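Common to both upcoming complexes is chain A, partnered first by chain B, then by chain C.
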Partner chain A sequence: MRHWAVLVAMVVQVSAVHGEVLLSEAEISQTLSFGPWPPSLETDPSNRVSGDSRAIALGGALFRDPILSVDGAFSCASCHLPENAFTIPQARALGRAMLDRNSPSLRNLAGLRWYGWGGKSDNLWAASLHPILDELEMANTAENWKDVLQGGLYSRGYEALFGPLAAQPPEQVLVNTGKLLAAYQETLVTAPTAFDAFRDALERGDLVAAASYPETAQQGLQLFLGEGNCVFCHSGPRFSNNEFHDAGVPYFLSETEVDPGRFAGLQTLLSSPYTLNGIWSDDSQKGGAWAVQSVRQSHADFGTFRTPSLRGVAETMPYMHDGSLKDLNAVIRHYNEIDLDRMHADGEAVLSPLELSERQIASLVAFLKTLSEIRE
Partner chain B sequence: MIRAALALVLFSSGPGLACGLGGRALAPAESDAPQAYVRFETIPLAQPFALEVEVCGGRDVDDLRVDAIMPAHQHGMNYVPRVTATGHDVFKVEGMLFHMPGLWQLQVDVQLQERVVHYTYPIELR
Partner chain C sequence: MFRMSILLAALAASGAAAEDLPIENRPIFDAHIHYSHDAVIQVPPEQVAKILRDAGVRKALVSSSDDNGTQLLMAAAPDIIVPALRPYRRRGELNTWMHDETVIDYLEANLAKNTYEAIGEFHAYGSDIKTPVIQRMIELARARNLILHHHGDRAALDLIFDSWPEARVLWAHSGFEDPASVVDALDSYPSLWADLAFRSEMASRGRINPNWKAAFEQHPERFMVGTDTFAPERWYYVGPHADFSREWLSQLSPEIADNIAFANAERMLASK
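Then we have the complex of A and B:
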């Protein structure tokens, strides 16, 4: 790795024709850690139908069908619009009442350690069955859903995968439905972008190709790695450490109510039967269960939220757990002017007002946009 | 002469000398603490990893606890690592997770019969 990095330093001097690679050796090696993309697809051992093409098709159909709601009011797609990067253009999702949070985009979810803004699930099938039961969302019950499924057009597809419905307790039917929805969502992956072309070119040592990545985006990347401190939390191929932080977003829902974030997520998680440590996981090795077994509860969890992935981020405005920031410009300005007195969790010492210039703000935004597909 | 040398070799190949092989010495808080070593491979960022701790000197370790903090950021790990004894005074530590790059301080508390000894070891994660 050293060798070509030195090479970069040498060649950069002479590559004036197409623009330059501005990064230092250290920045290049950090940049490589954001890939390769997409990650190799591994099936989820806790979900016996993960990767099964029939399950993916059936899960995709269920995802778009309001039949999952007790009264046909919503489908999953009502709050995770497929034509809108599987999120919504509004700040907060509207269920039977206004929900407290923005719907996350459902792309690149396979294999995460935590799901939801507060990490109330440790696997994708559990995250997919919560909305079926939630009173403010689909408000269904396992019993009712089994009845509906049994009498309807999905029963044959279901039985081909999981066996006769009649013999299965309603809770098992519910979990299996979550597994179908998860199998579908695992296939939602963002494509490689201009950033990945740059990163892969650096890895190959192809500086001519790398130099076609715009200089403003490179400057933005340098800020992301350096002065901006972004990489402290937005790390790895997904640009997320998948842990919980207070990024200085106000957490008041009203004058008297707050969104406790990770604090509440952990309470739900630790009392949930649907974890990787529970009886509904199909993995006899209980892979991944170590996290729920050994996660530490702390008062500092209060008002922290899961670091979102930045892959495809230009398509998923508005931003933050409450959708309070309308575009990427607003997000950078938020970090730029972050109000430390408003921080609710103690000590995210990496966050402090950045005092970036207008040009620097624009280059950070330009960089973030290269994490999305460019559509002509 | 030869016999004496042989005796010395035999004597020193007990648990004492080979202790800590391939490990990095932990820094004890007190000077009269037994030597202790930690072994680990490249540590991945924001992914779980394991390490091994060995306490030397043939003492009986009653209990061993491991934790880590980021001194500059005033926070520790979001997980409680699991420690299991895998040999005499050798411990496997699983479920470690460093969720941010930067300087971490490994903290090891060793419970001997009469007292607890504290050790630290700095780990820089990029």
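Then we have the complex of A and C:
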């Protein structure tokens, strides 16, 4: 189907006028796996209002309104600033106390298998409920939220989608609110970037267009695929396998507390009524429920965190589950000098110090920046 | 968050008989603990002792890189700690130690000044066992009749018993082998015990794996549990691990459950 041999042979001709396509045939094949972008948006069958324009608008309004908080102190947007790629520039957000983890960006969340750093939800509407109920965040209750909603600005919009409020138990109102927030968040998708233009040109066989992608970024991509083996976890169009790993980042919270990561996430998930396998899913076929039905707990879960997407990554600093690395350069240096003493001998075998040169680090950072719309 | 009840800690500390306790309070002999250089800095010995007591850990086989951690814990919790001497000064030596002759000096110096029940946990695969450093280490253990806590494959295990047929060996993580392979090794060597550290497959979603259950029933006196505190933060997994162990052990007969929880390890030590 693709004539890579011909394409590669064209490199010399292309480079005479433009830059070069530096990738090998195998690297081009791997590069195509990062697209196309954006993916076609499918509605979530577990959420009856997914894709509904009224729900998206109402969910967006609720997202920005501190009314969801028990005392009007916080909105979702307080820790997920729309103007800051739906995260915050601080390492960790200040709720009613300093929270344990970095606020993840809320872009490109539709259709994931797990949500949150610890994966305590298997769907976006359930993930949206946690901050509403968390004592350190909005600290609300289903009962209080129903009372507030019933007498307020949003009741008409809610009832148009879900029917009369008065007849609904508070928990149902809460879950429906999560579904409104999810409908809105599903629309938060990063735009195609310079990398996507490169990738799409390669798919078309348009080496002239592809050659305009900076050589430094191509060298970084080669490291990403090869020597760095970043692709092992950061794979697919989202640049994430969406699973849980020990990236060698310490996870102490204080002198006597640690963040258990996936271990605690699984405990929450497996006791939650708000999964794709539960009664609150609107999908009679229970699509996607296989994951929560089959997931197994492991000792290796302790202190592991979900692989973040790299889409728009240059806009979401600081990095890692605790926001402990201030920029992309620091992230690469972390993996460059990773402390294997921290890792189990039979654990994350893929990790070893990358030992990249300064020039290679710069190339890798240049590549990662092309996954964002930011221009130098 | 992960703390056991005060009642449990008090009962465990008092050495109450297991049969007097509810299953959820079954004492644990944690046969795979490390307290290495970085953990010493981040989790003080007194905090470690509290974690062990809160988790209902009656005894713990502790080896550390370097040995300073084990000695600090011996001072903080002498009633719990069973000392083992690890041939590493830092954890990062686990792939290279068998080619470093200074390891022998380190072992001899510590053996001369401290008392141990075991040497290990040491990592060795296949013909690593034939290296002069490991052969000398085995001689040191033999001279003192110390247990060898071995992390490695069956080939290395066979070579250990070739070198010292009467050795008492604790096979860390049971070699990451499947139950049938572990049973085969236990069938082959009467003085081999199997630790289950960092193994999760024995039970899942509250149900014990039938193949593992069969292995435990074939060798009810040879298995034991362990947490493996390979990074400082893992100390905070000692409690959850003890709970996990109690949960799946409760699906075995009370006698086998007690054996795996603590009695097998105690008998292994007494077999000297």
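We adopt the following convention: the second predicted complex is superposed on the first by the 360 of 376 C-alpha atoms of A that agree within 3 Å, B and C clash if a C-alpha of one lies under 4 Å from a C-alpha of the other, contacts with A are read in each partner's own complex, and residues count from 1 in each chain.
The working rule: a residue touches a chain if its C-beta (ideal position, glycine included) is under 8 Å from a C-beta of that chain, and two chains touch if they have at least 3 such contacts.
Everything quoted here is computed from the prediction, not taken from an experiment.
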**OP:** Identify whether chain B and chain C fit side by side or clash on chain A in the overlaid structures.
**Re:** fit
**OP:** Please state, to the nearest 10 degrees, the angle that the Cα centres of chain B and chain C subtend at the Cα centre of chain A after superposition.
**Re:** 60
**OP:** Would you sort A:Glu373 into first (chain B), second (chain C), both or neither based on which partner it touches?
**Re:** neither
**OP:** Using the touch definition from the top, say if A:Thr256 reaches chain B (first), chain C (second), both or neither.
**Re:** second
**OP:** Considering only the touch criterion stated at the top, classify A:Asp341 as touching first (chain B), second (chain C), both, or neither.
**Re:** second
Original post:
Touching A:Asp283, do we find chain B (first), chain C (second), both, or neither?
Top reply: neither
Original post:
A:Val231 contacts which: chain B (first), chain C (second), both, neither?
Top reply: first
Subject >> Which superposed partner A:Asn242 touches (first chain B, second chain C, both, neither) >> reply: first
Original post:
Should A:His299 be classified as contacting the first partner (chain B), the second (chain C), both, or neither?
Top reply: second
**OP:** If you've got the overlay open, could you tell me the nearest Cα approach between chain B and chain C in whole angstrom?
**Re:** 9
Original post:
Same chain A residues contacting chain B and chain C, which ones?
Top reply: 296, 300, 346
**OP:** Spell out the part of chain B that touches chain A in their complex, as residue ranges.
**Re:** 45-46, 48, 72-82, 94-95, 99-102, 126
Subject >> chain A residues within the chain C interface of the complex >> reply: 250-252, 255-258, 260, 263, 270, 296-300, 302-303, 340-346
**OP:** Please give the residue numbers of chain C that touch chain A in the complex, ascending.
**Re:** 1-2, 36, 38, 42, 47, 90-92, 94, 123, 151, 173, 176, 198-200, 204-205, 228, 230-234, 236-237, 240-241, 244
Subject >> Parts of chain A lying in touch with chain B, wherever the complex brings them together >> reply: 29-30, 33, 231-233, 235-236, 241-244, 290-291, 294-296, 300, 346-350
